[in-house]
Structures are given as C-alpha cells and as structure tokens.
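Each of the next two complexes has chain A plus one other chain: chain B in the first, chain C in the second.
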Partner chain A sequence: MFYRLSGVHHTRYETARQLWPIPADRWQVWILLALALGAPLYMADLYLTSYMLPWLVWSAAALSLTLLMGVAGQLHFGFAAVMAIGAYTSIHIARAGWPFEIALIGAGLTAAVIGCVFGAAALRVKGLYLVMATLAMQYLVDWVIINVPAISGGAQATLQTPDVTFLFVPMQGDTALYYGALLWAVIVTVLVLNIKRTSFGRALVAVRDKDYAASIIGVNSFKYKLLAFFTSSFLGGVSGAVLAFCYYQAVTPEQFGFNVSIQLVAMVLVGGLGSVIGAYLGAGFVLLAPIFLTNAMAYAAIQGWLTVSSNLLAHIPLMAYGALIIGFLLFEPLGLAKIYDNIRKYFLVWPFRHSGS
Partner chain B sequence: MRGLFKGLIGTVAAAALTVTGTAKTDDDTIKFALLQDFTAVYTFVTDEYNQGQRDYLTLINEEGGIDGYTFQALVRDTGNEPQRGLEAYNRARREGAVLVDFLSTPVSRAAVSRVLRDEIVMITVLHGRGDASDGTTFPYVFPMMATYWSQAAVLADHIEQNEDGLEGKRIAHVYIDSPFGREPVPVMQELAERKGFEYRTFAYPSPGTEQSATWSDVRRYRPDYVMIWGAGGGQPVSVREAIRNGIAPERILSVVWMAETDARTVGTDVATGLKRFEAVATGTDYPIMERIMETVIEPGLGTGDSENVGTTYYNIGVASMAVSVEAARLALEEYGGPLTGEKLRDGFRMIEDYDAEGMMPPLTFSEEDHQGGGFGRISQWNGEAWEPVTDWYASYQDIVWEEIEKDAAGFREGR
Partner chain C sequence: MDSTDQTTDRATALACEQVTRRFGGLTALKEIDLSMPQGEILGLVGPNGSGKTTLVNAVTGFYPPQDGRILFEGQAINHLKPYQVATYGIARTFQNVALFKGMSVLDNILLGRHIFMRPSALASLFYWWWAQKEEVAHRQKVEEIIDLLQLESVRDEPVDVIPLGVQKRVELARALAAEPRFLILDEPMAGMNQEEKEYMVRFILDAQEALDLTILLIEHHMDVVTAICDRVVVLNNGEKIAEGTAREAIKDPAVVAAYIGKRRDAA
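Up next is the complex of A and B:
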C-alpha cells in the first residue's frame, strides 16, 4: 500500500538497475534531500550548526569507514588518524595560499597515500592483527602531530582555519558551511551507493568474504585491498578537512585522538556494517544520543524530577548510552540499518504479514 | 514490531522533551554557562571546581544579587568532546548566557573563533590558549589567572631566590607528552639562556600512570630541581617516582595541578616538603569562604559534598566566579542592565587590583592584558595542608609576553 509495488514493471535494464528501483524509495530520498536542502530555512541555527552539520560530516566519515570495514572487510581502528592527516594537510595547504579546492584534493591524496602505507599491512595480516596495525597508525600519527610543531602549530597546538572560498562561494556563515558539509555528504553517499553495485564493489565484497576464494575467481586481492584502503582513506581525509573547515574551524590534536577512532568504529557497527543508511543512523546515534541524553537529564534535574548529585547526574547519560548500545545490539545485532530494513520490509507488503520471498 | 514502535515513540518523546527544554529568559538573571567535562579527562578537577563556582553564585544570590540581578549557572557535561561542547555552547548562547567556562582545552580552542564572533565572554582559567592573554587579539577570551608560561617563570624565580641565582644549576622539566606538557618549554629555554642554567626536558607518555622509564633518565641527569608538568592521575605518580629516584620533595616543583588528594595519594608524610605553584589560596580562612560556609553550606544550599569546601580546586572555582561577578558588577555600574557579552568584557577590563578579599593576588585587567598580571605564589605541603611559603609575585613577564605576542600574531595571520 505504502510502497505500491503493483504496477512497477521494469521493461528496460536501466530502470531495473537504477539506485532505487521502487518509486516509493525514490520519493523518500527526494523528500529527505529537499528537507536537507531547505534546513537553513526552517531550522533554528542551534539545530543547524550543532546537530545537522556535525551529523552530516560524521556520516560522511562513517561512510568512508564503512566502505573499508563493511564492504571490503578490512578492520580499521585508526581512522581518526586518517582524518587528522586530511585536516592538517588541507589547513597547511590553505594557509600557504592555495585554493580550497586544491586543499581538499591534497588532503584526500595525502591521507590516501599514508593510509595505503599502513594498509599495506593488510596484505599480510587479517582480523585482530590488522586492528593492531591500524592502532599503531593512530598512535604514530598522534605522536608525529604532537611532536612536530611545524604540523601542530607551535606551543598552542591549534591552527585556525583561514577564510576560504569554495567554487567562488565564501565559506563563512552557518548556511554556507552547512551546504558545504551537505554537498560532501551527498557526494560520498552517491559514491558509496554506486561503488557497492559496480565491479569494483563486488570485487571488494569477494575479498571480504574470502580473499583466496576471490583470487581463485580472478580477483586480485592484493590490488583490491590496497584500492579499498586508498579510496576509503581518500574519502576519510577529505571528510577530516571538511570537518575542520566547516565545523571546528580550528584543528587541535585532541580532535582526532584514539577515542574518536573508536567512536567511528562504533558508528559503523551500531549503524550496520557496510550499509549506507546505517552510516547515517550510526553517526546520528553515536554523535547525538549523548547530547540528547545529557540535555534530557539536565532538564529533569532542573524540573526537580531527579534529585541526585551533579556528579551522578553527569554519569547517568553515560549509563543510559551504554545500555542503549547493548539494547540495540541485543535487539538487532546487524545494527540500526537492519531495524530500518525490517520496518521497510514490513511496510513493503502491508497490510499483509509476509512478502513471500 | 509493536515493541519497536513503542521504543521509537519513547525516543521521539525524549527528543521532544529536550527540544522544549530551553529555559525562558528572565531579564533579571545573568546567566553563566559552566559547560564542563564531568566524565572524561578533567574529572580530577571539575567536580570541586564547579561546586565552588556554583556555591559562590548561590552566595551572591542569597545576599541579594547585584543591583537586583541574580545569577544562574547553566551546567552541562561536555565529556571533553569539542562537538558536545559546541552544542552546549550554542544552546547556552540561545538561552542568553553572557559568559562561558569550558574548563577543557580542546573545547575552548574550538570555541575561540565562535566566542569572538558571538561576542560572549569565555574565561579560560588555567586552561586553553595562553596567548589569549593578548586582549587586543582575543577581546572576548580571559585566561584570568597565570598562564602556564607565567607559572614556569614564577617557579624558576622561586629557585633563583632559594639558591642565590640560577647559574650552573640543572633543572629537569618532566612533563606529560602533550601540548599542555610542552607549553612552558620555550619560556624555560629563554630563561636558561638568559640566566645560564642547564635545562633539559623529559616526557612521559599520556596518561601518565607509568613513568618509571622517564624517571631513571632523570636520575642519571642528577638535577638540582625538578619541575613536574602534568595533571590528574599522573601527578602523584610523578612525585612518587621522583622521591624513589632520590629527589628530595623540597626540590620538586609542580604546576598548578596539585591538590590535597594528590598529596594524600602519595602519602601525607612522604609528600611533606613538596612545592607547587598556587594561583588561589587554599582553605576556608578568608572572608568569602566564611560567608560561603555561613550562607550557603550551613543552610544546606551547597551543590555538593561539604568536605570539598576549601580544597584547592574548589577555591579556584570560587575565585573564577568572584572575578566574573566583580566584572559584572562593574559593567552594570558603568552601563546599566541588561548585561551583554560586550558590557561584561568591558567590566573585566575595568577590574583593578581585585583580590577576592585576600583569596587571590591582586588582579588588574586592561584592553591589552587579559591575564591579570601573571601572579602566583609557592606553597608547600606540610603534612596536612598546603602552606604558602612566599608572597604573591609575578616574574619575567617580558619573556612571557614575548611568547604571548608571538603566538597571538600567529593566530591573527591564520585567520
């Protein structure tokens, strides 16, 4: 009823192969896009700058990581370091007077090259051992940034982002920054959606499922593992640069610490490995749930419903957040994306109970 | 499926609750946003510090406020995460806050460009950017107390006084391997050159629970004095390791982050003689503290454990709010209400020789100087409490200001 499957007949390959073959999915995407495009018109700046903007950028970062972890099956626990490389490269290029467009590409390339160097470990090791290799990357990059003042920016270890223009639009003011982030999120989303249905994406999936089985059927796992690291690190690096320029407007080493890497992994896992909508849901959950919980508890305390010490009050959101993660994963181990999928499948055949397939 | 919908409805309801949870703006309350890290890195200081701040604001309100204005503290946890700090900041700004205090270097750094744009005063007491002391470059940021550079200068001066000069002395600087740890290095290097002493740095890895390898290096160096530059759990480890490596407690000088709890962790007897930099007096023998005891704590209006009243970090919190309230008072006197960020900033700049009734060194701010002079003193652990051994003083402000101006110039160029 909602999805109106009857009457949808694909008579040409192009329509059957398009990104969203069902019209209902398509108009949902268009509505979401329209809502996102119109957000500056109807959203108060608090929600635009503190919720929407960081959510979009972190979703782009989570998408970059889910391409590597979910699609290609290469675990990466140092992705914040990849973003740090992008952020620092872009800011140094921009400060040197080059255009912002070049800075973004430079950020992606530097992150991709360095990411590949560490990704080369993936050619030899798998699973937990790869986790260790990527963790080493996190600590090495952190150490280099902190210990080389030329990178981190002297005693204060803070670099302010210079004023830049992107495609002749000055990147100042909430609206411009928001559209910058939105543009990047849309690009990454479309790219990852498309990668998943190309031969490149299928090769990555083959490597993920069993690398030597993949090589038997003619997929060069050496090449595709490196390509996965390259692509994902490129996207991660640009996401780091976008995060720095559109959101933080200042770069410090703490913004890309080990805990951020873990948050990124949490976004991917809670959202659903390899899922595009999962990256959005996961980023939204990991980023916004603590904020919502903290504000809800503070509100309850102000109203006098909750009389506990301020120390305990600050920790209740943490407990609730942990319980939520456990709850979601118990309820649906495949992540938030699977919950979405279940709902969608339910409405796909509503009012009937089973789709038959 | 039904359970899922219930859950969804619950989530939406909770979200709606937080959305509507913005307080109404009353015209006769002045809102200070204390958006601090209660759960992650700064936990060693935040509870006591925040308690001191809120108790002081309660005291002012109980005494009738200022000019009919009362103060309200907006308190939120940021978990030391810039994105949560910025969210809390934007929310507080919407609620009409005129002053923010993050007590977190990463959050403050991310907020600098925003407070400058939004014209809201940000106090960065003993954290944040030291170069924000330059009021012309950072008109809305107030470090308010001695920066780490000034602290290093005060500690070096103390050694000089004690030893009749620094020439030929060996000073080891043992720090946590982070920007905070290495912040005083340029000032100390400049001093070493000027005064002709030997200066060497030793870093230990974050978070500082394991430092033995570093300290055996320090032992081989055989320093005359050791400056320890860490915070929280790493500090007692540093002291214990130093003593174990044959350095007398009297020769250990600590950055401001050294409190009663640290001395107790080391062992009250073992730590006897240990020296530290002090920005605000400790204890309850000051008029403000006595009034807090009488008006806030005894009637049960305090925000936390009354055991904390008078501890190092509690008093720093009280002092930070005392200065801020003084600034608000001066601003209201000069311009009248309602108070805005701009008026409050001018209020800060009007403060002259304010010492919070003896609790602090006399602070004077101006359009250029947002540090307040860089004063501090040395106090020593006597087995039971921190006892001041010097008067309030400031040292080598010329070197400190060279650093401030150098970094501030970098900030200006970066924009």
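Up next is the complex of A and C:
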C-alpha cells in the first residue's frame, strides 16, 4: 500500500536498474536528503555538532568497512588504523600548506596504499587468520604513530587541525563542518550503492560467495580482493580525515585505537553486513545506545529506583551494549537492515498479509 | 549415422596430449590423449572416480597437469590460471551447482559477461556518465540468453529459492553469457527427472546451434549420452579405455568390464 507497486512498469533497462525502482522509496530518500540538508535550520547546535555530524562521519566509515566486510567478504579488524593513517596524512599535508582537497585525496591514497600492503600479505589467509593479520595491522600502525614523533608530534601530543577551505568555502563554524560531513556521507553512499549494482560489485560478491566459480568466468579473485582492500581503505582514509577535520578538530593516537576498530565492526554487524542503510542504522545504534543507556541509568539512579555505585553505573551501559550485540548476532544476524526490510516488506502489501503471486 | 566422417575435416578445438595429473601417490589422469574437432559434442563417461572431473579441472586450470600438454585452438593452455582460461572462450558448469547465492538470477548471468566488462570503483562512482551504458548493453545480451533458455519468469528471483533444475539452467546461462566457443558441462542433468532432462537436452542443443559451440559433456545418463553425443570417451582409473560412438563404446569389452566387472569363468 505505502510502497505502491501497481502502475510501476519499467520499459527501459536504465529505469529498471535505477537505485530505487519503486517511487515510494525514491520519495523517502528525497525527504531524508531534504531533512539532512535543512538540519542546521531546525536543529540546535549541540545536536547538530555532537549527534548528527559524528553520526554521518561514522556512517561513512561504516559504509567503507561494509564494502570490504559485507560486499567483498574480507574481515578487517584494524579499520581504525586505516582511518588513523588518513587522519594523520591529511593533517600533515594541510599543515604543510597544501590545499584541503589535496590533503583529502592524499589521505585516501596513503591509507589505500598502506592498507593494500597489509592486504596483500593478509589475503593469503582467510577467515580467522585474516582477522589476526588485520589486528596485527592495527597494533603495528598504532605503534608507529605513537613512537614516531614526526607523525604524532610526540607520544602524548595532540595535533590541532589547521584552518582550511574546501572548494573556496572556509571550513569553520558548525554549519560548514556539518555540510562537509554530509557531502562526504552522500558521496560514499552513492559510491557503495552504485558499486553494488555494477560489474565491480558483482565481481566482489562473486569472489565472496564462490571463488572457484568466480575464477572460471574470468574473475581474478586475488585482484578483486586487493581492489576491495584498496577502495575500502581509500574511503576509510578519507573518512578518518573528515572525522579529524570536521568533528575532533585535533588528532591523538587514542582516537583510533583497537576499541574503535571493534566499534566499527559492531556498527557493520549490528547494521547488517553489506547493507547501505544498515551502515547508517548500525552507526546510529552504536553511537547512541551507550549515550541513551547512560542517561537512562543516571535518571533511574537519581530517581532512587535502583541503588548502584557510580563506578558500576559507568559500566552497566557497556555491559548492556555488549549484550545487545550478542543478541543481534543470535536473533537477527542480518542486523537492523533486515528489520527495516521486514517492515518495508510488510507495508509493501499492507493491509493484506501476502502478495497475490 | 557415423558423425566422425563429417567432423574429420574440421579444425581441432581441444587437444589433450599425454595429460597426466597426480595427487601425491595417486595418478588421477594417466597419459590421456584426446582430440575434439570444432562443433562436436563429446561425451565423457566412466565410473565414479575415473577422472572425468579431474580432466575437466585440468583443462580449466584448476589442477594443471604435471605432464603433457593441453591445446585449445592450437594454443597451449595447460599453464593458465582458471580466470585466464575464461578469456580464451572456454566456459563450464559445475557438478554441484556453483551459483552465487547472494545474488539474483539476473546478476548471476550478468557475471558471466565479466570478461567483456571493465569494472572499476571510479566507473561505479560516476555511474550515470560512465558505467550505465555498459551495464545496459550487457543487460541486452543477457536478455537474449534469458530468452534462449526461457528464464524470464525467474529473472529477478534470488538463486537460492528456485528449483534445482532451474538453477542448473541458470548456471548454463551464466556460462553461455561469456559467449564461449567451447563449453564444458559437468553432469548438467544430475538429480533431474525425465522431463527436466528432456528440457535440458533441448536447451543444450539449442545453445549449440545458436552459438556454434563445441561441447564436452560429462554425464551418467546413458540415454542422454547416446542421444546427443557425436562420440564418447570412456575413462576408468584415470585411463582412457575406449573411444568411439556411444553404441560402439557401450559394447566395448573393456567398458563392460569397468562398469559391470569381468566374468570369473570365461565359459
């Protein structure tokens, strides 16, 4: 009913293969885009800069990772290191006086090249061993950043991002930073959506599903795994740079530690592997759930409904958060994207229970 | 009908010369000689474990032979990787259906066009200016194959929900999408009922006629082999024990012995 299918007849392959063949989906996307574009008008600065902006950047990062983990099926547990490479590269390029645009591309390329070097070594192994190899990348990159003063500026140092302009727009003030993050999120979203419907994405999925069947139709699986690492690391590197410039406005090594890698994996898993909307839902869930749980706990404690020490209070949300992830893996392994899909399918034929055919 | 006479003057499509493949102490293929003229349908038969699939895997680069040469249209292909073999115009299907479960029927067949496409992330980013034209052109080719194999009704279904018989047909469609000159079918009729088998035979013959294919067919159903194969090659324990038309091969004492066993008393 809401997603009206009757009267939708595609007579050309171009329209049949567009991103959202059903008009109702297209309207939703336009409305969401309008809401996102208009956010600075109706949203308080606090919410804009501390909820919307990080959510968009983390969604872009989760999308980069879901391209590798979901679409191409290569597990990566060191993605925060990729983002760190991007963030530090962009800051050093920008500090050297180069334009911000070049800093972003440099961040992506550096992250992609280093990611590929590790990828090439790691791709000789599969599954759990790949997880271990990418974990090694996380610790190696962390160690290098902390211990090379030329990169981090010293073990405990914080590097401030310099003032930059992007496409002649000064990146200062909440609104400009927000639009910067939004632009990047839109670019990554369009890219991942398009990859999934073109030959590149099909080749990646083929390698993920059955590598021997992929090879017999001419897909060089090593090349495509490496391309997946390259593309994903490029996007991850730029996401790291955008995170540094638009949100943190400074970088320290701790911002890209191992726990951040796990958080990214959680975003991808909770959202749903390989799903674009899942990356947004997963990032929102992982960012908001701890905040929500902390507030709820604090409120309950203040009201006197439960008596807990402040020490325990700080840890309960973390425990609940872990339990939620386990719950997702057990009960809805395809993540929030699947829940969304179920709801959408229900309304596809609502008020009826089944479609005719 | 002796079809060998018709095909002797044709160019050779595939030639195996003394192909040997060992797995540790086991010799899976022992000095196999094989020559297929263009346009032939060759049946490859033999008991379980006789080396039929190993020979196909040797031709397609999965198990490169340790000794001997494999020539396709005069070029040696025994050192190639499977993904390189595809570009020579060789396509195959697998004994156990090897479709990509995460994708629709259409996307599976589109993947068959991979060797003609130029996939890249950049082309995907600028889809509307760069990739769309290519996607649509190949979609048209795929629709021709969908027509040929009558897959219209399942076009948009995920491959794991359609029946096995149709899955085998989708796999054939994916192989045909690469516009091969040489097609290897590894038990395309395994697990099918009589009606499905008849359909499959019809589709294979249609495809051969439409695309001018040379076909190497591994099959256990002797009725099918007798009906459509110009010649058969019988393998047993990695050795070629008989070659000729299906009717001749079935009567060959070595073949009878391989399948049924030898009489203990020769009386």
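FYI, the second predicted complex is superposed on the first by the 350 of 357 C-alpha atoms of A that agree within 3 Å, B and C clash if a C-alpha of one lies under 4 Å from a C-alpha of the other, contacts with A are read in each partner's own complex, and residues count from 1 in each chain.
Please note the rule applied: contacts are C-beta pairs under 8 Å (C-beta built on N, C-alpha and C of every residue); 3 or more make two chains touch, one makes a residue touch a chain.
All values reported here derive from a predicted model rather than from experimental measurement.
> For the three-chain model obtained by superposing on chain A, do chain B and chain C clash or fit?
Aligned through their shared chain, the two binders fit side by side on chain A.
> Residues of chain A touched by chain B versus by chain C: which partner has the larger set?
Comparing touch counts on chain A for chain B and chain C gives B.
> Under the superposition described above, what is the C-alpha centre angle at chain A formed with chain B and chain C, rounded in steps of 10 degrees?
140
> With the two structures laid over each other on chain A, which partner does A:T66 touch: chain B (first), chain C (second), both, or neither?
In the superposition, A:T66 contacts neither chain B nor chain C.
> Go through the superposed model and pick first if A:P290 touches only chain B, second if only chain C, both, or neither.
Touch status of A:P290: first partner only.
> If you stack the two complexes on chain A, which partner ends up touching A:Y212: first (chain B), second (chain C), both, or neither?
In the superposed model, A:Y212 contacts chain C only, not chain B.
> Under the stated touch criterion, which partner chain does A:Q156 make contact with: chain B (first), chain C (second), both, or neither?
A:Q156: touches chain B, not chain C.
> Who does A:Y13 touch here: chain B (first), chain C (second), both, or neither?
It touches chain C, and chain B stays clear.
> Answer with first, second, both or neither: which of chain B and chain C does A:L191 touch in the superposed model?
Once the two structures are laid over each other on A, A:L191 reaches chain C alone.
> So if I take every C-alpha atom in chain B and every one in chain C after superposing, what is the smallest distance between them in Å?
23
> Same chain A residues contacting chain B and chain C, which ones?
Touching chain B and chain C on chain A: no residues.
> Please name which positions on chain A make contact with chain B in the complex.
44-46, 49-51, 54, 95, 143, 146-147, 152-163, 247-250, 252-255, 287, 290-292, 294-296, 298-299, 302, 309-311, 314-315, 317-318, 339, 342-343, 346
> Sort out for me which residues of chain C touch chain A in the complex.
Touch residues, chain C against chain A: 60, 62, 81-83, 85-87, 91-92, 94, 98-103, 107, 110-115, 117-121, 123-125, 127, 131-132, 134-136, 138-140, 174-175, 178.
> Under the touch definition given earlier, write down the residues of chain A that touch chain C in their complex.
13-14, 17, 187, 190-191, 194-195, 197-203, 205-206, 208-210, 212-221, 227, 231
> Where on chain B does chain A make contact in their complex?
Contact set of chain B toward chain A: 1, 4, 14-15, 17-18, 21, 23, 38-39, 47, 50-51, 75-77, 79-80, 82-84, 86-88, 90-91, 94, 105-106, 109-110, 112-114, 129-131, 177-179, 182-183, 185-186, 303-305, 403, 407, 410-411, 414-415.
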